[in-house]
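Scrolling down, you'll hit the structures one after another.
In the two complexes below, subunit A is the common chain; its partner is subunit B in one and subunit C in the other.
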Partner chain A sequence: MNHDLELSGVEKRFGGTTAVDSIDWTGGGGVIGLLGANGAGKTTLLKMLATVLVPDSGNLRLLGHDPARADQRLAIRRQLGYLPQQAGLYRGFTAFDLVDYVAVLKEISHRSTRRDEVRRVLHDVGLEADMHRRIRTLSGGMQRRVALAAALLGRPALLVLDEPAAGLDPDQRLRLRTVLSHAGTASTVFLSTHHTEEVAAFCRQVLVLDRGRLVFDGTPSLLAATASGRVWVDDQPHPAALRSWLTSHGEVRSIGTPPSGAQLVEPTLDDGYLLLTSEIGTPS
Partner chain B sequence: MTETIARAAAEHRTSLRMLCRLEAKSYLTRASIWIGLGLTIVMATNSENDWSGASYEWTVPLSIGPFLLGVFIAGVQTGGRDRSSELPGLAEEAPLDAGERAIARLAGLVVPVALGALVVIGISVVSRIEGGFWIGESPRRTDTAQHSVPELFQPVLLVALAGATGVAAGRAVRRAAPVMIVGAVLWFVFFGMAWAWNANGLHAFAPLQTQPMDVDLGMAVSLGAHLPTVGWHNVYLIGLSLTASGLAARGAIGRRGAMIGLTLALIGVVAQLVVSPV
Partner chain C sequence: MTTIDRWHVPADELGRYASGAARSFEIASVEAHLVACASCCAALAVARASMTTGDSASDASWSRIVDRIDQPRRVLRMATSALQLCLASPPLVAATLGLASILLVLIGILTVVDAPQSLPVLLALAPLAPVAGAVCAFRPEADPAGAMAPATPLAAGRLPFLRAMVASVVTLVAGLAASAVAPLSAEVLLLWLLPGLALTATVLALGTWFNPTNLALVLAGGWVALIVSWWTRHRPVPEQAALADFATDPRAVRLACIAIAVIAAAICHLRRDARPNWRSQ
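Let's look at the complex of A and B:
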């Protein structure tokens, strides 16, 4: 079993709010998806995995090192790529110069090696034609791809991505899947997303965070299977349903305890995730 | 294992040097530096000559004023790169951390300092060719004078101080515009009103010190005299620059730099007051 990420009782608080609440989890290798609602603590957890935040309590080990110790944190950072939810890019730089600058920050100091690497990552995110445009002239999606290119520099052993698909068009999302799936063959890619279809498409493992607590750890198909026998369609919402919504086919899809005679359907990852988070939010 | 750690440390140092070079180059792209430099050259080549010693103090150090303001603004822009928006800093997870990036931005100031030195050297060469600056007719002395080497150092040190102060201010505040306004006001107080700092012991504290100074002989008579304070004033400026650099760098190394800087500044002030007759 891969132990790139080891969390034991990890907590992070901001004032009276507990953002991450006593998480115990060990894993790594391949692409791991983190699902959760807004405010579930995903970004805080990712910042800790990216060594940007330090846990208030508990033990965290990344790639076998303790990020709380300066020398070991440096060892982690040499093998780490991080895409924050919103990256503070230098708007006056060109895309090439900015990624080149980050490459220096990442200790890729040899000039020709660095330039080749910068071109490689810009190619991977599909920005080779726009690499000499200033950041301020790029669209939001393009800026997102510049930040992603910076995170991919040096083929990091651990890649932490906070909503990497946000702001990307369908073509770019497809490209992103390819890039991350490829990265996941040699590294641990840990990403947060609101899109269950992203997780279903290329994540080997999925974690679900709810109000700071880890409430699911398993494969995407296992998460979908938790809703097996608990999803049905009808022509109107049922009062016993935990959640109901109108689909594009004009039928109402519901999750929860189906009424007798309900037309059960095959659950999706979305159903599994919604059922899980709805049941947690429902008083027993 | 030890070899691996040593290689990693060497790679880290190489990257820091590379970053210093990148930051140095980036100062060359700052418009404020080139505008300031242009205005300084215009000022230096169109010196006032209304009273004895006017061109002497106008050319060095007063004419360097616009360049200093330009370097300060460039320092604020560079130091504040990671704070110019509500967004997190760039590549916070990278091995070269915020402190090292600030050190690189300070080290990059070598470029504006070198430009300042070139201007001063140019002024000095031209003035020596032309026979010096007119300082008025008085018995038992020449009518013209050249700036001494310590006097020529003063504007160069002021460039370092302006840049370091800019980087420190840029790193400390989120919005650059108010800092630039405060900087411009301070610049006016010290440069536009340089005459006000040129007497009564205030000269020891002012960043800008012009020579000759007015020595009050009593009975409403004063004498323009070169005081032996300029060398110690340079020590004071080195101290202030180190203090500003320490504030910009932060962390243990920053604190050490600031403490050494404050000590040097204090020594510089006390020594000036001791050697100065006014």
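Let's look at the complex of A and C:
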């Protein structure tokens, strides 16, 4: 089993709020998706995995190193690619110059090697035609891809991506899946997302975070299977349903304990995720 | 870069590099490190020597000689690249030049106006310019890579710190030049310059524990309050009398400022890797 990421009782608090609450988890290798509602603690957890924040308590080891120790933190950063939720890139640089600058920060000092690497990552994210445009003239999705390209520099052993698909159109999302799936064959790619279809499409493993706690760890199909026999469609919402919503087919899809005679349907990853988070929020 | 002085190239990677079997990316990484690490250069020379046959001993000696000859050039390259990295921040360069200009204008106006309030205003504001320069360097916007920078080997640790020092020094030098041109008396010059140095060094040192922006605001508030309190007790202010009163023992005050700056510099050096992320959050 891959132990690139080892978390033991990891906690992070901001004032009186516990953002990440005593997480124990070990894993790595391939693409791992992190699902959770807004405020569930995904970004805080990702910042800790990116060595930007240190846990208040518990032990964290990344790629076999302890990020709390300065020398080991540096060793991790040499093998790390990080895409924050809001990259905040300087808008006066061109895409090429910005990624080139990040390559310098990543200690790729040999000029021609660095430039080849910059062109490679910009090509991977589909920005080869726009690499000499200034960041301020690029669309939000393109700016996101510039940041993603910078994260991919140097084929890092650990890629930590906070909502990499945000702002991307369907074509760009497909390209992103290809790039990350490819990266996942040799590295650990840990990404957060709101989109369960992203997780279903290319994540080997999925974690669900709810109010700072890890409430699920398994494969996407296992998460979908948790809703097996608990999803049905009807022409109106049922009072016993935990969640109900109108589908594009004009029928009401519900999750929870189905009433007798309900028309059960095959659960999706969305159903599994919604059922899991709804049940946690429901007093027993 | 001094950030890479504790890590060394693993023996197997160095061996691949020496034999020409390293991948292109490994080559870049190893070369980046060799520029700054004499120990790895020596290990590389040994690795190369062990691979050669025949006159391997003379090759190894030759490598050591070349290494010794190259050392000053490497140091120069390191210094140049560190300065280039410091300057590769247009927002910080703009902020530093802005602060230096404000200080120049302030000194110019106060010299020309020559009002009783000129001295207290100068003493209250001029030492805060280098402090503001240092704080700007710790803002997340100061790095073109924004929030990505803290997770990179170079920008995460000492680069913001180095930039803070460069911004402060540029501002201090601008103030020094303006004071010389104005001209201000040596006593007045030292009265703003040394507290400016001490305040900036204190922000940098205590910034290894606390948020530098909040810290600077507290120190600046304290400094302005001190000057205002002194001024309200001595209005109108004949310059020489005021100077004598402000520091009953000016020499002791100067030495205290220098001592604070030296102690702060030592703390900065000892705690340079203490925080995972130097930026103000």
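Keep in mind that, in the parts below, the second predicted complex is superposed on the first by the 284 of 284 C-alpha atoms of A that agree within 3 Å, B and C clash if a C-alpha of one lies under 4 Å from a C-alpha of the other, contacts with A are read in each partner's own complex, and residues count from 1 in each chain.
What we mean here is this: a contact is a pair of C-beta atoms (placed from the backbone, for glycine too) under 8 Å apart; a residue touches a chain by one contact, two chains touch by 3 or more.
Since the structure is predicted, the reported quantities are computational estimates derived from the model, not experimental observations.
> State whether subunit B and subunit C clash or fit side by side on subunit A once the two structures are superposed.
In the superposition, subunit B runs into subunit C.
> On the A-aligned overlay, A:Val52 touches which partner chain: subunit B = first, subunit C = second, or both, or neither?
A:Val52 sits against subunit B and subunit C alike.
> Between subunit B and subunit C, whom does A:Glu117 touch in the aligned arrangement: first, second, both, or neither?
second
> Scan A:Ser109 for contacts with subunit B and subunit C and give back first, second, both or neither.
After superposition on chain A, A:Ser109 lies in contact with both partners, subunit B and subunit C.
> More residues of subunit A are touched by which partner: subunit B or subunit C?
Between subunit B and subunit C, the winner on subunit A residue contacts is C.
> Please indicate which partner A:Leu74 is in contact with in the superposed arrangement: first for subunit B, second for subunit C, both, or neither.
both
> Subunit C clashes with which stretch of subunit B: 44-52, 134-142, 170-178 or 224-232?
170-178
> Output the subunit A positions appearing in both contact lists, the one against subunit B and the one against subunit C.
Of subunit A, residues 50-52, 74-75, 77-78, 80, 82, 84, 86-90, 98, 101-102, 104-109, 150, 160 contact subunit B in one complex and subunit C in the other.
> State the interface residues of subunit A toward subunit C in the complex, per the touch definition above.
50-54, 67-68, 70-71, 73-75, 77-78, 80, 82-84, 86-90, 92-93, 98, 101-102, 104-110, 113-114, 116-117, 147, 150-151, 154-155, 160
> Where on subunit A is subunit B touching in the complex?
Where subunit A meets subunit B, its residues are 50-52, 74-75, 77-78, 80-82, 84, 86-90, 98, 101-102, 104-109, 150, 160.
> Taking the complex as given, what residues does subunit B use to touch subunit A?
Those in contact with subunit A are residues 8, 11-12, 14-15, 17-19, 22, 81-82, 84-85, 87-96, 101.
> Note which residues of subunit C are touching subunit A in the complex, please.
For subunit C paired with subunit A, touching residues are 1, 3-4, 6-7, 24-25, 27-29, 31-33, 35, 81, 85, 88-91, 140-141, 143-157, 159, 273-274, 276-277.
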